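Each chain gets a letter, A, B, C and D, in the order it is written, and its residues are counted from 1.
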Amino acid sequence: MSDAKRSKPYPPISYSDYLKTSPLLELQKTRSAEFGEEAHEEMLFIIVHQTYELWFRQILHEINSILAMFARDLVREEDMGTVVGRLSRIVEIQRLLVDQVSVLETMTPLDFLDFRNMLYPASGFQSTQWRLIENRLGLKASTRLKYNAQPYHASVSPKEAEVLLKSEKDPSLFDSVDAWLARTPFLQIDGYDFGTEYREAVHAMLSEDKQTVLRFAKSDEDRERGLKQIGDTERVFESLFDADRYKELQDSGTFRLQHKAVQAALLILLYRDQPAFNLPFQLLTRLQDIDELMTTWRYRHALMAHRMLGSKIGTGGSSGHSYLKAATDTHRVFGDFFNLATFLIPRSSLPKLPEALTRRLGFHP
Amino acid sequence: MSDAKRSKPYPPISYSDYLKTSPLLELQKTRSAEFGEEAHEEMLFIIVHQTYELWFRQILHEINSILAMFARDLVREEDMGTVVGRLSRIVEIQRLLVDQVSVLETMTPLDFLDFRNMLYPASGFQSTQWRLIENRLGLKASTRLKYNAQPYHASVSPKEAEVLLKSEKDPSLFDSVDAWLARTPFLQIDGYDFGTEYREAVHAMLSEDKQTVLRFAKSDEDRERGLKQIGDTERVFESLFDADRYKELQDSGTFRLQHKAVQAALLILLYRDQPAFNLPFQLLTRLQDIDELMTTWRYRHALMAHRMLGSKIGTGGSSGHSYLKAATDTHRVFGDFFNLATFLIPRSSLPKLPEALTRRLGFHP
Amino acid sequence: MSDAKRSKPYPPISYSDYLKTSPLLELQKTRSAEFGEEAHEEMLFIIVHQTYELWFRQILHEINSILAMFARDLVREEDMGTVVGRLSRIVEIQRLLVDQVSVLETMTPLDFLDFRNMLYPASGFQSTQWRLIENRLGLKASTRLKYNAQPYHASVSPKEAEVLLKSEKDPSLFDSVDAWLARTPFLQIDGYDFGTEYREAVHAMLSEDKQTVLRFAKSDEDRERGLKQIGDTERVFESLFDADRYKELQDSGTFRLQHKAVQAALLILLYRDQPAFNLPFQLLTRLQDIDELMTTWRYRHALMAHRMLGSKIGTGGSSGHSYLKAATDTHRVFGDFFNLATFLIPRSSLPKLPEALTRRLGFHP
Amino acid sequence: MSDAKRSKPYPPISYSDYLKTSPLLELQKTRSAEFGEEAHEEMLFIIVHQTYELWFRQILHEINSILAMFARDLVREEDMGTVVGRLSRIVEIQRLLVDQVSVLETMTPLDFLDFRNMLYPASGFQSTQWRLIENRLGLKASTRLKYNAQPYHASVSPKEAEVLLKSEKDPSLFDSVDAWLARTPFLQIDGYDFGTEYREAVHAMLSEDKQTVLRFAKSDEDRERGLKQIGDTERVFESLFDADRYKELQDSGTFRLQHKAVQAALLILLYRDQPAFNLPFQLLTRLQDIDELMTTWRYRHALMAHRMLGSKIGTGGSSGHSYLKAATDTHRVFGDFFNLATFLIPRSSLPKLPEALTRRLGFHP
């Protein structure tokens, strides 16, 4: 009623017209009924998958809106809260999706057999929206597992395949965040150089560790082991500062982010209390949550497939159990932010930011 | 492929054709887009309610199948496991529905205002399926709260109203269980009379309590209070054995079950370890779970309405917050099974069942 | 090993010494075993309550640390992320506490009777830590329900009572947030006056609403109702701008926040996208979550008490069921932030902040 | 008060004395405070692990009680409901344990670094109770992963190691259920032989499948593939009926149950609606749930370890991430019941049980 832009009231609408409940509740057609061999449990199978698809739609709605905000030349500061809020919503939905597996598991393998043969060759692996979510998040086409020795778009309609292939070329959330991080001005600013400062702090910390080992080692062996461990740690950190070494990490698949992006992410994680870093820190945390829940969902599905099918092949013709389990590792997108934990040093060894920088990271005076 | 009754294989089907994903994903039409004032958050509002409706459909699918089993003259023993299994599934779904409130709560009141006016007079209170669930479970028409001083079927289409009114007359789950309990042969069998036995056990227990009070009371006041409490307890139990007193409990709304049904339920709860009582015990427990989760869902929604609307009236014209909160108490269906706890006595005071009866409650020898 | 401030390594420690598992696992002494009438289920009762107490301790640890940050003359901007993070952790813990009720409900009323009499007069209402949480959050002593016609500290030890009474006098989270909001400089700054601006926007919106009613009302009755509703809305908003009317809201218990604090909260909710308002917005949201989960926990416990005890009085001598249900409304602390939804207007009617102000609400240029 | 066996009332007790809250809340001693470098987050770390240990204690309490019931020569029918109820409780607790990971994840890697060095060499892998749960459930000593190239009992105290080693020799839940299944009288009774009947049904089903392939194959290749698949299925089933082939499955680690136990489990799963099979069916289902949640918990912990430590080695000296991930597969105990799904045939092909048998599986007439 109170909308400034309209000159007349909105036409009234009822709950069922608004939510389209009539057509919605017409869409659960069991094959078992169609073939005259009604199986009570098939309804559950349909409802579980349809609710999944509805939630996938919502997740895509959120991701797409976030990608649009990252598509600007400069992400607006006023959008950051919204970005974090929408990522948090995705997390909340994912929790629901994981819990939903328990509902499907109230169906037993014997119940499933009542209609399983009627579904051939339909398979959950053909969910275009799920694939789209993976692509939008940033799963690389080259990383994808083959399914039945076929590319993932082989089992869907040509129109759907086209959508999927196009989405491989669009900038993903991973790409967007990578570029956004790499653009951060705070790595080198007003004479401050994060790389140099951090490298020195790491060296100071490790050389102190060495002193401790030399003074307190209880045996030669103890000392050797201690020093070796410090040396290993040193080499790990070096790869962060040295572009060539970092390239090796990228080539080996350990890291996927640009070198500057990794450093920016580290800067944010280390100094998250600075006002300008807090929402970016929350953003990185939410991406980890999303990655974790994507893979947890896959894992729970792998277990369910094992339970439902034993070692039999899935309705789609391939072992869902093994595929899903392999995907838990291979299809992770934001693993870089997990691996970053390796490069953190304790706050007690952390160099203080120069005042000139903290001023810039704070609010307008 | 391996179905004995078919002479040819089932025609192949794809995931998207089977789940009807295309029409399904066409059903989210936001009004804000229709009126050219796109509100990002309206999609969430639609998806949350559509998934609710899908789950309601599943719950109705289960309840209807259970009612059919109870509609036989004699419920088949082989169906009891299925009944309990399907009730357990409803519980699992309800847990999801309660958790789902958290997803809707990621929308803020300010976000809601972007499209709230466009929904008038649609309201969640118009969900026909939810009303149907309430009726099928056994909510009495006379107990229902009025909503905006109107009967609950006034706000839906005539066709939907007809469905609802008819469902009021069909036997509900409450009715079915009530009748099933009242038919139990084990209350009086082969010379055993549960009422007499239990009454004696209660009296023995209470008279021992009296001795304890008389011997150990530290003051006159202490003794008076102790004896009064025992007297009160005595009167409570008496209403269970005396048909007239029980009638009073029914008239006052404390109990709704038939007198014999209450006694049968008590027998089952007390001797649940007897093989023939175990599934009935699980059934009563699941009914309590369902009741508890129905009302928890209402309560969470009342809180959400408060959060979203403050003290404003809902889109449907009435205060959702107050209505939902009132319904948490008034719309409970299986409260009798909760109140039954009042009539239990400790196992240590419980009379042993005669061997003739335990034999009948066990498996075929 | 790598800590800069230490000159020697930390002495090694084992898992069990660190977590004190030996003494920890000695603390589950069942009374039923002590009295030679072992009841299997008593262990669950103890473990459920001990884990509650451990989580309460953690919640207090977080609240106390937050109160310390608010105790400074000026809350540091660098602390805001930490405050929000710790409130989010409390929310995460509360979700667990609510789910934990389901574990206790695997115990039946009959099981409970095996040892219930042995616990007299112990009662969950005597949990000092829970009371302390309520006080630290900001439950007013005058608002507290009596329990068995006794003040809440009557049933605990004198030492515990003292802790509780002292905590009533300490500044609570409610007090701290109230004072912090009231101090916000942005309500009137550089010639901007939020009250005036907002009041005008409300009037403009409502007068447009009036035009719509006058033009489109289908009957005299329709017009009267429409105008009356707008008039009501007008009066509601007026109470926000007029100190005397607001005082009435405070006196009637509708609002508890200071007048300036309410306005500041509104400003934050309306303009949450401004960088300087985002963490404050998250803070207000978390307080709502905490309030909602506190009361949900009470509600679930009320249902559980009903299930376990029927209408019998609790072990502590009073009806836990009724007490807990009454507390769901009465003991809420942050209801003001829920009620604030009443005062929001749609973004489309919201006045733009002057550039001078948005600059101040952004990061250092 | 009302206990028949006692001649006097139980001495009164307070909440805090009963739950031993004072000593309980003394057990959270942070090392960071001890060393004068207080880290706020260490409290969370302690509380999370102490609540885990309390829940482990409860799980052991349940498992031990179930093992005692299985230790009788003949498991009593009256105990079956209790067994299933207690397994269901374990499942409910495990759900909580999995959700609890989210609470620990509110601690960031940087927070952890504030005190991580102080914990060396303590590690979650040293939880004796967790090991004990694994042993009691039935994890074989020979299957256990080494941790840091050491047996699992090397890192705990000699007394704890002794408890663990003893538990390896005690009959586990797996052993008990295996023996109980193998004793089932219903595989061969009154002239009925499950093996023969089922084998015939499988053959009938597969030969019909062959006819379908021969009649409807669209090409030679199609026919070949169809027939090959049926042949494979045939061989899989054969291993179930042939003791030698089954031995191969055992030797290869595919199955661990005795041959008769596998058949009994299959009989129960196929004919679960028979009253005498319903609780056994629920028992097998709960064991699957427990297995699934044990491994889900490990998986979530593996992800958390990755997040917290990156690719660094854990505080205990080994990569927790990799160890936990490896254990998700290797440490599963009830995988046999999952694999059984392979041997089910659809109800439509299932032979009816002879009436003589269904009578025995029903209640006393």
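A few comments on the model shown:
Going forward, a contact is a pair of C-beta atoms (placed from the backbone, for glycine too) under 8 Å apart; a residue touches a chain by one contact, two chains touch by 3 or more.
Please read these numbers as outputs of a predicted model, since none were measured by experiment.
Of the two chain pairs examined here, A-C and C-D, the one linked by more C-beta pairs in contact is C-D. Among the remaining chains, D is positioned farthest from chain C, on the basis of C-alpha centroids. With centres taken as mean Cα positions, chain D sits 39 Å from chain C. Chain A and chain C have centres, each the mean of its CA atoms, that are 31 Å apart.
Shown for chain B are the residues in touch with two or more other chains, namely 1-3, 5-6, 37, 117, 272, 345-346, 348. Residues of chain C that touch chain A in their complex: 1-9, 77-82, 204-206, 208-209, 212, 215-216, 272-276, 278-279, 281, 345-346, 348-349, 359-365. For chain A in complex with chain B, the touching residues are 1-3, 5-6, 10, 12-21, 23-25, 27-29, 31, 35, 37, 40, 43-44, 46-47, 49-51, 53-55, 57-58, 61, 65, 85, 88-89, 92-93, 95-96, 99-100, 102-103, 106, 117-129, 155-157, 160.
By the touch rule above, chain A contacts chain D in their complex via residues 37, 105, 108-110, 113-114, 116-117, 254, 269-270, 272, 285, 288-289, 292, 295-296, 299-300, 303, 306-312, 335, 338-348.
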